[in-house]
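Two complexes come next, and they have one chain in common, subunit A, joined by subunit B in the first and subunit C in the second.
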Partner chain A sequence: MTQAINSGLPLIVACSWALLLIVVEMFSGDRRFVGVAWMGVIGLAVTAAMSVHYASVPAVYGNALALDGYAVYFNLLACTLGAAAMLLSIDYLGDAGIVRGEYYSLMFFAVIGVVIMAAATDLIVMFIGLETMSMAVYVLAGIRKSDLRSNEAALKYFLLGALASALLLYGVALLYTITGSTVLADVSKALSDTQHAGADHLVLLLATGLVLIGFGFKIAAVPFHLWAPDVYEGAPTTVTAFMATAVKAGGFAALMRTVLVALAPMRAELAPVLWGAAAVTMTLGNVVALRQTSLKRMLAYSSIAHTGYLLVGVTAGTNEAGSSVLFYLAAYGAMNIGAFGVMAALARRGRGCEKISDFSGLAQTHPAMACAMALFMLSLTGIPPLGGFVGKLYVFTAAMHAGLVWLVVIAALNSVVSAAYYLGVVRTMYFDNAPADVLPPARPYAAVVVAVAAVVTILLGVAPSPVLGSAARAFSKVLLG
Partner chain B sequence: MSPLAFYPLAFVCIASAMGVVLSRNPVRSALSLVASLFCLAVFYVFLQAHLVAALQIIVYAGAVMVLFLFVITLLNLESDRGLGEKPVLSAIGFGAGAIVAGGLIAALSRTSLGARAVTLVPTFGTTKVLARQLFGDYLVAFELTSMLLLVAVVGAVVLAKRDGSYEGDEQEAAVPARSEEASH
Partner chain C sequence: MHAAATEVTASLPIAVSYLRYIPLAPLVGVLFHVALGYRLGRRAVGLVACAAVAVSFALAAKAFLTVLGSAAGTVVTDNVYQWLSSGEFTANVTFSVDALSSVMIMVVTGVGFLIHLYSIGYMAHEEDYARFFAYLNLFTAAMLVLVLADNLPLMFVGWEGVGLCSYLLIGFWYTDPEKASAGKKAFLVNRIGDAGFVLGAFTIFWALVDLGQGSLTFATINARAAELPAWASLAGALLLFVGATGKSAQIPLYVWLPDAMAGPTPVSALIHAATMVTAGVYMVARLHGLFEAAPAALQVVGIVGAATALLAATIGIAQTDIKKVLAYSTVSQLGYMFLALGVGAYGAGIFHVMTHAFFKALLFLGAGSVIHGLHDEQDIRRMGGVAQKMPITHATFALGVLAIAGVPGLSGFFSKDEILASAYAGGHFGLWICGVLGASITAFYMTRLYVLTFRGKFRGDHHKWDHAHESPIQMTLPLMVLAALAVVGGYVGVPEVLGGNNAFAEYLAPSVGHHQLGLAAGTELMLMGISVAAALTGIGLAWVMYSKGPDADLILKNKLGGLYQQMREAYNIDAVYDALVVQPLMRASDALWHSVDVRVIDGVANGTAAAVNSAGEGWRRWSTGNVQHYMLTVLVGVAALILALTLSSLIGVAG
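The block that comes next holds the complex of A and B.
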């Protein structure tokens, strides 16, 4: 009983804290909500610390939630990314004309959704976590109400997201009719018993397909990626930073637990589907990214491409591959928060700083920001010795060990293609002339976040072993048997 | 449940569900939905889930649908104005829907679920049993759902509330947007 309460404590504290944020925001006289933002950051730190303190509880509350290593890892990741996005938002909200203090509370709730998704060992709870996260992010995407693109982003994301959620829920219901359970481990057990029961097989395939579509939408895998560019472009930059990193991490947390635990007996059928999805996702993401002139859209397609790389790890499905996916998500989070952070730091009212051409000559006017941006772009390309390189290296190596040679070849070719557009940004910053009206100086909070993200990106490249070790420990007990 | 009751009811249920999607008049769609929800409630009664049936009628067919109708009336939608869809797109949509429906029918008609049917205890579906499940086995899901609804309410208020003006740095607000040409 005590164990049950202890393992739920981080979640209970986080929910109470998010509620407290709404109340504090009401009485906040400061229209920039600096205090509210800091309270949110502290709350996330407390949540993360508590989850580490009460870690290693297998599954409690009727097998609904587990605070195992996997959940704790994603908890730390989501809290860090959420805190970074909140700090980026402090100045950006005013610059974008957003005066809603509930912003921070909604972002906090979105982090809680990610935490639930990673901790869920039951499909119903996982679905509720996914919806909590999505609800909050739908609103965050459309929080700039006077901006038509923001409205479009929110509406598009909401309608397609609701459809994906419905399909996912239908899949879960069908899985329940076949297996008689929604607990991941029980589903797996029932499936390995009834695997070749013949008639049920078609229903099983249908259920699996619906579940995959639901998650595929959240991680923006092709062909369920169509929302991503418009939503990433229309949403406020700080929300886009959060969506590209924390929301994607949550999607992968849930997808990996579902595919590798509950649907583990379906490996033979799922492998070709995941293989194809990984190959198509990274290729399409990279090829379309080549033609973008908006940095935000380019990063949206880049994020689709990175979903493809991550899916390579999920396709391999071994312990080694799983832990390298966890590491990749951390590295990917650092460099993307950094890249969007640079955009947020230089944005002002009426000047979004979202086009690649806005950054021309940045090296002359803002050497530090240009240097950081170049670093993130090189890391996204996968150039050693940065975090992005190590992440790709481990995912691809694990995939090689699992025998996915051709998929790794495709991924490597894709990395080469991606260099063209990532390095194009670097060229614009260093070799083009700065325009007459220079960009304003970087906002201090955002500059600090960018600096930290840059340091983390370098550290993950030169000294990856601590994070890699904890990723390996986190994943070691996830797979059954 | 006897087939004599099941098939007519199922027919009405599916027909009204089709009416929701196919009708061009939003009020007609909403009323079809009410009919469909009522049919489902009858199914619940036959399945001994009396509480769920009652909730279905009170909450969904009652409260939620009244709100739907209010919103439709307040927005004063023109009945025959579509979203300007293209025939090709609607053809693709219908095609995809037909494939999914065909797959579902093929899969579910061949399944052996009947062979594994469990015999229910006589008290199944009563308020007591339901409450024990809801506040016992599914307590976490139940509590988290209440939080999810709260997030949805907060989000709806945020989107519906009028924005106050930002009293920030007015000078920066006055800087005109840089045109695309200026950056080249």
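The block that comes next holds the complex of A and C.
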């Protein structure tokens, strides 16, 4: 009993904190907005610290929730990314005219959703986490009430998201009719114990497909990626930063547990589908990114491409591959928070700083920001010795080990193509001349976040061992058997 | 038929902790330029940049002398820390200096230092002085990591680093969009090679894991290569060679190097002649054990090298830009190095890396001096008689031309002759003939270049002539040092038939084995005579033809017809790439973007909808189809997925 309470304690505290945040926001004027942001950051720090402190391996609450290494890893990742997004927001929101109180508490709830998704060992609980995260993000995406693009993006995201959630829930229900359980381990056991033939088998396939789609939507895998470019572009930059990193991490946390634990007996059927999804997702993302002129849209397609790389790891499905996906998500988080952070640091009302050409000659006017941005672009390309390189190296090595030779070849060729558009940003910043109306100086909070992201990106490349080690430990007990 | 190579001696390690400072010193220089460069001014930047490389040179010399003074097979190693470690995959940041890498670090730091010194004068009028030297120092650091690495992943760090610096330096004069795009091209073509490098490394790694030794250190790869399954060593070697063709500008990936001449001339000398482009040669020599285990791959290396040597030489005949001539000659000379590797004469290949670094850096810096003195004139048709105005540049350049042409007694003669003799001795007559032919053409176009630039009367704008001047001492001093090296550099490898003892090959033997020619003295002398005759024919012909001025090109044009035009346009390989790769990719991108991913939001933003109630607008669009379009796609996706799952399960059942 004590253990149950202890394992749940971080979540209980986090939820209470988020509720408290709403109350505080209600009573604080525009001027105390900074305080609210900091309160959110502190709350996330407390949540992260508590989850480390109360980490325990066995599942609790009737096998619904496990604060195991895997959950703690994603908890730390989501809290860090959430805190970074909050700090980025401080100046950005005021300038963009978003002085809406619920912003930070919504972001807090979204983080809680991610944490639940990672800790869930039951499909229903996982679904609750997914919805907690999604609802909060739908509102965040459309928080600029007067902005047409923001609104339409949010609406589209919501409608498609609702469809995906419905499909997922239907899939879970079908799985329940076949296996009689929604607990991941029990589903797995039921599936491997009995041979399902005929109609049962078809229902099982339908259920598997529907569940995959639900998560595929959240991680923006092709063909369920259509929302991503529009929503990334329409949402406020700070929210985009959060979606590209924390929301994607949440999607992968849930997807991996579901596919690699509950649906492990379906491996033979799933592997070719995942293989195809990975190949198509990275190729489409990279090829379409080539022709984008909006940096946000380009990063949206880049994030689709990275979903493809991450799916390579999921397809491999080994211990090694799983931990490499965990590491990749951390590196990917650092470089994307950084890239969006640079945009948020320089954007001003009426001057979105969202086109690639807005960064012309940035190296002359803002050498530090340009240097950081170049670093993130190079890391996204996979240039050593940066975090993105080590991430790719491990995912591809693991996939190669699992025998996915051709998928790795496709991924390597994709990396070549991706260099073209990431380099385009570097070229614009370094080789084009700055326009007459120079961009304003970088905002201090955002600049600090960018600097930290840059340092982390370098460290994950130069000295990745600690994070690699914790990723390996975090994943070591996830797979059954 | 193959001449016997003696066994590679087992390595005797000496652990030290100073090797790390060899790449670190220029890196500190970079930080200095970035942080303080703009505040402390030009003098400090130039001084620090050169001092940093001088420190590297001193430490490199220390390591070199240690290896030279110790028993054969000594390897100086510096284990810094464990970089990557997870499961079976580990890689350390370990630097090591053996005979092979000691030659490379001496060339990189030595020639690098001279070019840094030269740049102080050459870039004196440049606004972004600190940025230039930051890139130059960063390049040096990356190149040193590349040659000092004791394993493939760490080598890849330097490999990518030099590519990146090359990109930044080609585009250094960013006001010119053509130059920026040349830089991008260089980077992308190199990335294709890099994909080959990575896939090759993966292949070898997993094959080694199957042997129970998951490691990517060069020592392990070379030692266990013979035990690898044949497909693994062949695929691994070929993929790595793809990487080498990218970095070292060989067929089919050589197209970027001539464009790279858009960068400042010292950069062309350092990166695109003396150091970075030889990385591919170094890598193959470093992994000689692997390539020996895959004779077919080695054969490919030799054929590609010989073909590149010949093809690029023919292009060199028809170029009119002084730097383009030198660029194609670099591609051609790199071809000779791969030819050497391909016939198993690794020592000869590395020997040519070294002598080429001397004379090609000299030629580029000399060309830079001419360009500098003639106020940015690069077209040799508008030069002539420059010898009168620039005596030092002229004299040193002439020595460089004689060296590359293979005139007996100069460095290029010894190294090129060893390569050709090895090809002949190995029974590779085809490669040998390509090499001799290429040598003759090389002598021809280099003499053409020299005569048109320095001899006769000036054919350009007389204002340029009036202001023409010899370059300052910072620029002429490196020229003189390099000229001396281009003359005497070959004497470390005088073959036995000429009374020498081939000390260079002897020194390298512990790293790459000693390739014994096994030829009779008479045969060897005859071969030497043939290549000397070929060179002298080329020189003489060009001298006679071009003494009358650049119109002699017309003679060739009439003789060769359409082929000449092809040579001038470098056989239009660029157009082929554009049509086969670039355009299809761009078309695919456009097609996918416009059909699958409709830009709904932009349509709204560009329309007149700004004043409309936004939520209502959203709903309107929902009903007019865009979201429906998306949902339809999702449902099609659902159907496709279910179908795919069913199919794969059916196949699973059937199988």
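As a working rule, the second predicted complex is superposed on the first by the 472 of 481 C-alpha atoms of A that agree within 3 Å, B and C clash if a C-alpha of one lies under 4 Å from a C-alpha of the other, contacts with A are read in each partner's own complex, and residues count from 1 in each chain.
The rule is simple: a residue touches a chain if its C-beta (ideal position, glycine included) is under 8 Å from a C-beta of that chain, and two chains touch if they have at least 3 such contacts.
Only a predicted model underlies this, so the values are computations on that prediction, with no experimental measurement involved.
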Quiz item: Taking the superposition as given, does A:200 touch the first partner, subunit B, the second, subunit C, both, or neither?
Solution: first
Exercise. Report for A:157: first if it touches subunit B alone, second if subunit C alone, otherwise both or neither.
Key: neither
Exercise. Give one of first, second, both or neither to describe whether A:360 is in contact with subunit B, with subunit C, with both, or with none.
Key: first
Practice problem: Name the contact category of A:340: first (subunit B only), second (subunit C only), both, or neither. | Solution: neither
Practice problem: Report for A:385: first if it touches subunit B alone, second if subunit C alone, otherwise both or neither. | Solution: second
Exercise. Examine A:132 and indicate which partner it touches, taking first as subunit B and second as subunit C; both and neither are also allowed.
Key: first
Quiz item: What is the contact status of A:94 with respect to subunit B (first) and subunit C (second): first, second, both, or neither?
Solution: first
Practice problem: Decide which partner touches more residues of subunit A, taking subunit B and subunit C as the two options. | Solution: C
Self-check item: First (subunit B), second (subunit C), both or neither touched by A:146
Solution: both
Quiz item: Is there a shared patch on subunit A that both subunit B and subunit C touch, and which residues make it up?
Solution: 145-146, 202, 205-206
Practice problem: Flag every residue of subunit B that touches subunit A in the complex, lowest number first. | Solution: 103-104, 106-108, 110-113, 116, 136-141, 144-145, 147-148, 150-152, 154-159, 163-169, 172-173, 175-178, 180, 182-184
Quiz item: If you look only at subunit A, which of its residues touch subunit C in the complex?
Solution: 145-149, 151-153, 155-156, 159-160, 163-164, 167, 201-202, 205-206, 208-210, 212-213, 217, 223-224, 226-227, 229-230, 233-234, 268-273, 276, 284, 287-288, 290-292, 319-320, 323-324, 378, 383-385, 390, 393-394, 396-398, 400-401, 408-409, 412-413, 415-417, 419-420, 423-424, 427, 430-433, 462-465, 468-469, 472
Quiz item: Within the complex, which stretch of subunit A touches subunit B?
Solution: 8, 15, 19, 22, 31-32, 61-62, 64-65, 94-95, 97, 99-100, 102, 105-106, 109, 112, 116, 122, 124-125, 128-129, 131-132, 135-136, 138-139, 142-143, 145-146, 154, 177-178, 180, 197-200, 202-203, 205-206, 348-351, 355, 357-358, 360, 435-437, 440
Self-check item: Residues of subunit C defined as touching subunit A within the complex
Solution: 81-89, 153, 156-157, 160-161, 164, 167-168, 171, 174-175, 177, 180, 183-184, 187-188, 191-192, 194-195, 198-199, 202, 205-206, 209, 585-586, 588-590, 592-593, 596-597, 599-601, 604-605, 609-610, 612, 614-615, 617-619, 621-622, 626-627, 630-631, 633-634, 636-638, 640-642, 644-646, 648-649, 651-652
